[in-house]
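The following pair of complexes shares a single chain, chain A, combined with chain B in the former and chain C in the latter.
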Partner chain A sequence: MMKAGPSQEEIRRHNLGALLRFVHVRGPASRAILAENLGLNRSTIMALTSDLTAAGLVREELPRTPGRRAGRPSLVVRPESTRVYVLAFDVGVDRLTVARVGLGGVILDRREAARGRVAASGGASGAADPNEMVNALAAAARSLVRKAGDEATCVGAALAFPGIVRRSDDQVMFGPNLDVGGMAIGEVLSRRLGLGVPVAVCNDANLGAIAEHERGAGVGVNDLIYLHGDVGVGGGIITGGRLLGGEDGYGGEIGHMVVNPGGRRCACGSRGCLEAEVGERTLLDLAGRQESPDVPGREAVRAVVDAAARGDVVARDALHRVGTWLGRGVADLVNIFNPGMVIFGGTLRDVYLGAAAQIRSEVATGALAASRERVKLRTAALGDDTTLVGAAEFAFADVLADPVQVLARLRGAPASAPVP
Partner chain B sequence: MMKAGPSQEEIRRHNLGALLRFVHVRGPASRAILAENLGLNRSTIMALTSDLTAAGLVREELPRTPGRRAGRPSLVVRPESTRVYVLAFDVGVDRLTVARVGLGGVILDRREAARGRVAASGGASGAADPNEMVNALAAAARSLVRKAGDEATCVGAALAFPGIVRRSDDQVMFGPNLDVGGMAIGEVLSRRLGLGVPVAVCNDANLGAIAEHERGAGVGVNDLIYLHGDVGVGGGIITGGRLLGGEDGYGGEIGHMVVNPGGRRCACGSRGCLEAEVGERTLLDLAGRQESPDVPGREAVRAVVDAAARGDVVARDALHRVGTWLGRGVADLVNIFNPGMVIFGGTLRDVYLGAAAQIRSEVATGALAASRERVKLRTAALGDDTTLVGAAEFAFADVLADPVQVLARLRGAPASAPVP
Partner chain C sequence: MSTVTPVLDLRGVHKSFGPVAVLHDVDFVAYPGEVTALVGDNGAGKTTLVKCIAGIVRLDRGQYLFEGRPVRITTPREASALGIEVVHQDLALCDNLDIVQNMFLGRERRRGMVLDEAEMEEVAADILAGLSVRMSGSVRQPVWALSGGQRQTVAIARAVLGDSKVVILDEPSSALGVTQTRQVLELVRRLADRGMAVVLISHNMNDVFAVSDRIAALYLGRMVAQVRTADVTHAQVVELITAGRSETLEARRDGRPGGRRSAGPLRAGAVPEAAEPPA
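Let's turn to the complex of A and B:
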């Protein structure tokens, strides 16, 4: 049911958010450009800018490259990237990344650590212990916060996780490649940080889709599919400009479409899932290679793609087979979604680069002519940072929805000592 | 990019639409109920009702069942169902339906005709000629319009078609089971009617999804999948409360997901598509039955389901096999969409009723536990009228978005003589 129209106060809040989002996504802009793009008059822009400046979210200054026209140059509104930031956490199967990302999307600082993975047999090594993981994430984040100094304010935090996550309480419901044993990662991490901000936990591929849509290959594409390979295969889907969440937030689990009934066994219990046919383990297995602690998955996948390019027949056949099933899965998705773009990220980025012809040929054969006519196949423009950038964008959502309110609440919050 | 806040005029238009949509979807309502549900005060409701009454879209009257309280009963706002209507066209492979549907969703009057279908071999019979089809539709519609009289105004028209339709120009791009040879059905029909309203052409399953979401089994379910069986198998998908259209409007073609690689040949050129494995022709073929002009597809499917229920082994095995593939396709869709509900319509309604246990078992096996946990499987509550009701809802969209403007334009339009 449609809601009735908004109040004046709601309109002001909406406009503040719209202006801040504009400079956050598009970068510094003059009042004239803001007025034109937001459909507001100059005096409204001036009032909004003044509120955002007072809150410490933007500042106005002379453009860095002076304009060509003579006379006084127009001031530009610039996001306060160093003073207002979020913490973005990316939990991969092989590595942990924590970054401090400033308003405007600038990665200001980062920490990375390799981590031991759960063995393919299911036995967990010591380094895969979820407590150790949270310890490592919290320590890295605290070090970033200390370095940022007291002048800077953390306005949000989010964590990209390779598993399916319930929207209502951020609980990880299924993460066969990285078991967290029912731990409420977000809550634990938030307490350990003591910054007064919650840590949202989201599926990594969903965040990848958001990142590529906002800042990557899919800018301006309102219907896109992001496919993410780590050990597993996940998906994030944007339809009509919005993330497909589904009833509980589990939408986009394209890794568990059955493309090959009776095919390879999958971690989910089925056979022939897309993940089972095109995942990292299958590619390495077909290529006669093993993962090893020295060569984590992503590099092992790259080694197969490189070997295939140099003419290694076993590697080439392995890539061909994986490319075929990946192409068939993409053809199904093209029929179902009629997307404007399909983006390959994580290890699937490398697979796509090595098997593009194969994948395109399967899409041409398997998808309806009309549905595939305008689809573009692309690799993730944000490279290995796709899911990390997505976590940052997700973490900024609150402050962009209600900038002044959120900042006032955070600055007024009594500082709680971080739990060591 | 977020747009800036709306003007006062936009708010008024929005509120008029919200009020009209409320009584259209939920039925007659008192001012008090409207004020509460729309979040507006009573004086605003009174002003809006007065505008809509002046435009002839609603009227206020005493409730038909008097309230229990003593004193003057509160007036209710009621949509002008007999004075404001749309024309809904439903083109099935076996039958044509045209209905006059009043504001509020009341089917006021209807005409139906059986039609010859394109033979399975691909040769067209005379009665499947698209010109004859349009003639039949136009004649039926004109008879309905005449009967409605001069007091009634047609505010929109839409046609449900079993094929994929380009959003930008309503062109049918692919309709293997009903060839229209590139004819712009909507334009031709609109000219023939001469009512000054365009005739939108939409994919039938997409309209089915809209209908079940607004008035059927899926009311209140924001993520649902509607599966429609005619000769082919189509899908309509609602995500986050909105129809999944995709880049060009072809979204939802779940009939061409390949569930069984190397399986039965499909009209699209692939093998093992969901449509090829669970469509009407396959069920009849497996059951050793033929379509015939005397028993059109839907009735032939019902006959198989009835025979299976009476213990006919061949029919039971056929239904079992079709149910298995249908269940596997649904399991994939549950993983991809995490829907709150999957609705079976058209001939798939009968297949579901005959093979529910089989379908549920495949979903339990093939879908992730979290993703299927809350999904409900249901048959179309609107029965054989699902796609017709969807066409009516689509046709009402313009007047609900801007009620007074649309009505003023139509009543001011110079009457053009219908093209005979």
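Let's turn to the complex of A and C:
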């Protein structure tokens, strides 16, 4: 970038984005609150609001629940949730979810489908046909778009994927639990949708971290670590308020941190990775249960945690062992990153609640006193929707960066016919 | 942490029932924004301590500071007026009333002479949604139809509605199913994260570790330790409960190499004698 000051146009774009982001993340707000929080004067806020209103991104109206304070309630600027939306795709090993998420982060509508696992035969399971998966995702998305009607505009799309994804071209480089065989899912899906928006692809746990940071347990916590349990264990690290991506976007693969040298073999080829010691297969194996194609992993894990809570000694022992390894991993993370919060999502949410005594005991002995003093351990506040909500947040990035332009482009350009 | 004034600060509390001493020189603190777990064996005095705090039982001796100010609480009404809400396992909900009526019992909103049903209903629904509680069915169903976990949730929501400062839950999960327990645990954590002081009595160490910031251990009517959960292990807490002391904890506290004493040390309470620091 040349070192010239920003132009009027750039400033305006920046301010439009900041205002839209504020109401998107924090909800409806009065002009006074916007002025105070964005550090702009009232007349600027008024001008920005009228631009965004003209573009159909926000609307001003009386608050829905009148405050209990006396006096005339002032107008609030509200995001146009039903008219401006994104498509969020969440690819889990057992479950595909597609949602239409409105500006403001409201899940307006969703489709879910179970994905049958291909029975494990020594190798990784879940190696289902990627074409079938894309077909299912595209069909669900199209039905959501149809239902939304012509009044509504899709401003972005993103897909959460349980594997490592190269940032430069969204290529899935490695998905030990879900092989897509080098397919450029984002591009294929975007073509199939024909909405004129690209479909960004991102690691699911990274998106989970973003979602919990913006809308979940980690709001206001600028250094946090999100751990996501599906079949494997994913991670997302936020430091100084930003996602740690690393050189290529592969950062945060906490699941492949070795916690038990020489331990169980991991799908990545190494031994004793966190994922290998605490993942779903290991928990089921230790609990003497078979992985079944009929019972989705999430439910199988929950069944073990429930059995342990009811006193089943085998389940309890399995959960304790897994909890101990998980605690060791967390202790290391606490020492290295000094996070303000560690959030357990996906199946690890159940594992945390069922094995907190083991996990925290390991943190108490393994983490430095100073580092563990203030770290909060929490379960994902967005529940089973963390990665989905993260995908939606990611999909909103473009419109939040340049609201008016993006909308003008999408409304102006006739959508190409979707490729069947 | 030390700059924060505890909401509850009890010092040197004694309580006897006739000739039977039940609480002996007990210190107890609870901070806003934190979950304090109160643990101890059966008969250790947990419920009695809670009853003292809530004005159900009168303490014989000792100081009671609320938000730093000395108070004398002799009735549940006085405790409630300060913002102390107790959720007992045998919940005091009115079975024949619905969720909204239970939440607003004794503090109904009125518009002139008539109850503002619409507003109460809206506020009730908002609070439940704000706590991320899913009620299958409407807020107008009578509470006898609710499960144990849902009843508990209504009791907790009552506390939120009343802008309580302290919520005390006496063994909330003992009669709950596994899923309900999970829900209540996450709810308890959320209450504290919104700034309330939560006191949780539980025999389930896993629940204690899942949500607590501090653990206060009663042993035969004495407070043997009040520690930060981050500083202790499961085994040490079990020792405190069953034996009234933990040698590894004392050794560690007094001189673990490299581990500086962290905030919230064992409060002197009634730890008999401190171990010598290792040479």
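Heads up, the rule we're going with is that the second predicted complex is superposed on the first by the 401 of 420 C-alpha atoms of A that agree within 3 Å, B and C clash if a C-alpha of one lies under 4 Å from a C-alpha of the other, contacts with A are read in each partner's own complex, and residues count from 1 in each chain.
Keep in mind that, in the parts below, a contact is a pair of C-beta atoms (placed from the backbone, for glycine too) under 8 Å apart; a residue touches a chain by one contact, two chains touch by 3 or more.
Computed from a prediction, not measured in an experiment: that's the story for all the values here.
Participant: By the touch definition at the top of the document, which applies to A:V259: first (chain B), second (chain C), both, or neither?
Facilitator: After superposing on A, A:V259 lies in contact with chain B but is clear of chain C.
Participant: Touch test for A:R378: chain B only (first), chain C only (second), both, or neither?
Facilitator: The answer is second: A:R378 touches chain C but not chain B.
Participant: Quick one: classify A:A364 as touching chain B (first), chain C (second), both or neither.
Facilitator: second
Participant: Per the contact definition in the header, classify A:N37: touching chain B only (first), chain C only (second), both, or neither.
Facilitator: Once the two structures are laid over each other on A, A:N37 reaches chain B alone.
Participant: After lining up the shared chain so the two structures overlap, which partner does A:V313 touch, if you call chain B first and chain C second: first, second, both or neither?
Facilitator: A:V313 sits against neither chain B nor chain C.
Participant: Overlap the chain B and chain C contact sets on chain A and report the shared residues.
Facilitator: 365, 368-370, 373, 375
Participant: Chain C touches which residues of chain A in the complex?
Facilitator: Going by the criterion above, the answer is residues 65, 217, 305-306, 309-310, 350, 352-361, 363-365, 368-370, 372-373, 375, 378-379, 381, 383.
Participant: Which residues of chain B touch chain A in their complex?
Facilitator: 1-6, 10-12, 14-15, 17-18, 21-22, 25-26, 37-40, 164, 166, 173-174, 222-223, 235, 237, 239-240, 242, 244-254, 256-261, 268, 270, 328, 331-333, 335-340, 365-371, 373-375
Participant: Show me the residue ranges of chain C that touch chain A in the complex, using the header's touch definition.
Facilitator: 122, 126, 132, 178-179, 181-182, 185-186, 189-190, 193, 205-211, 228-235, 258-260, 262-263
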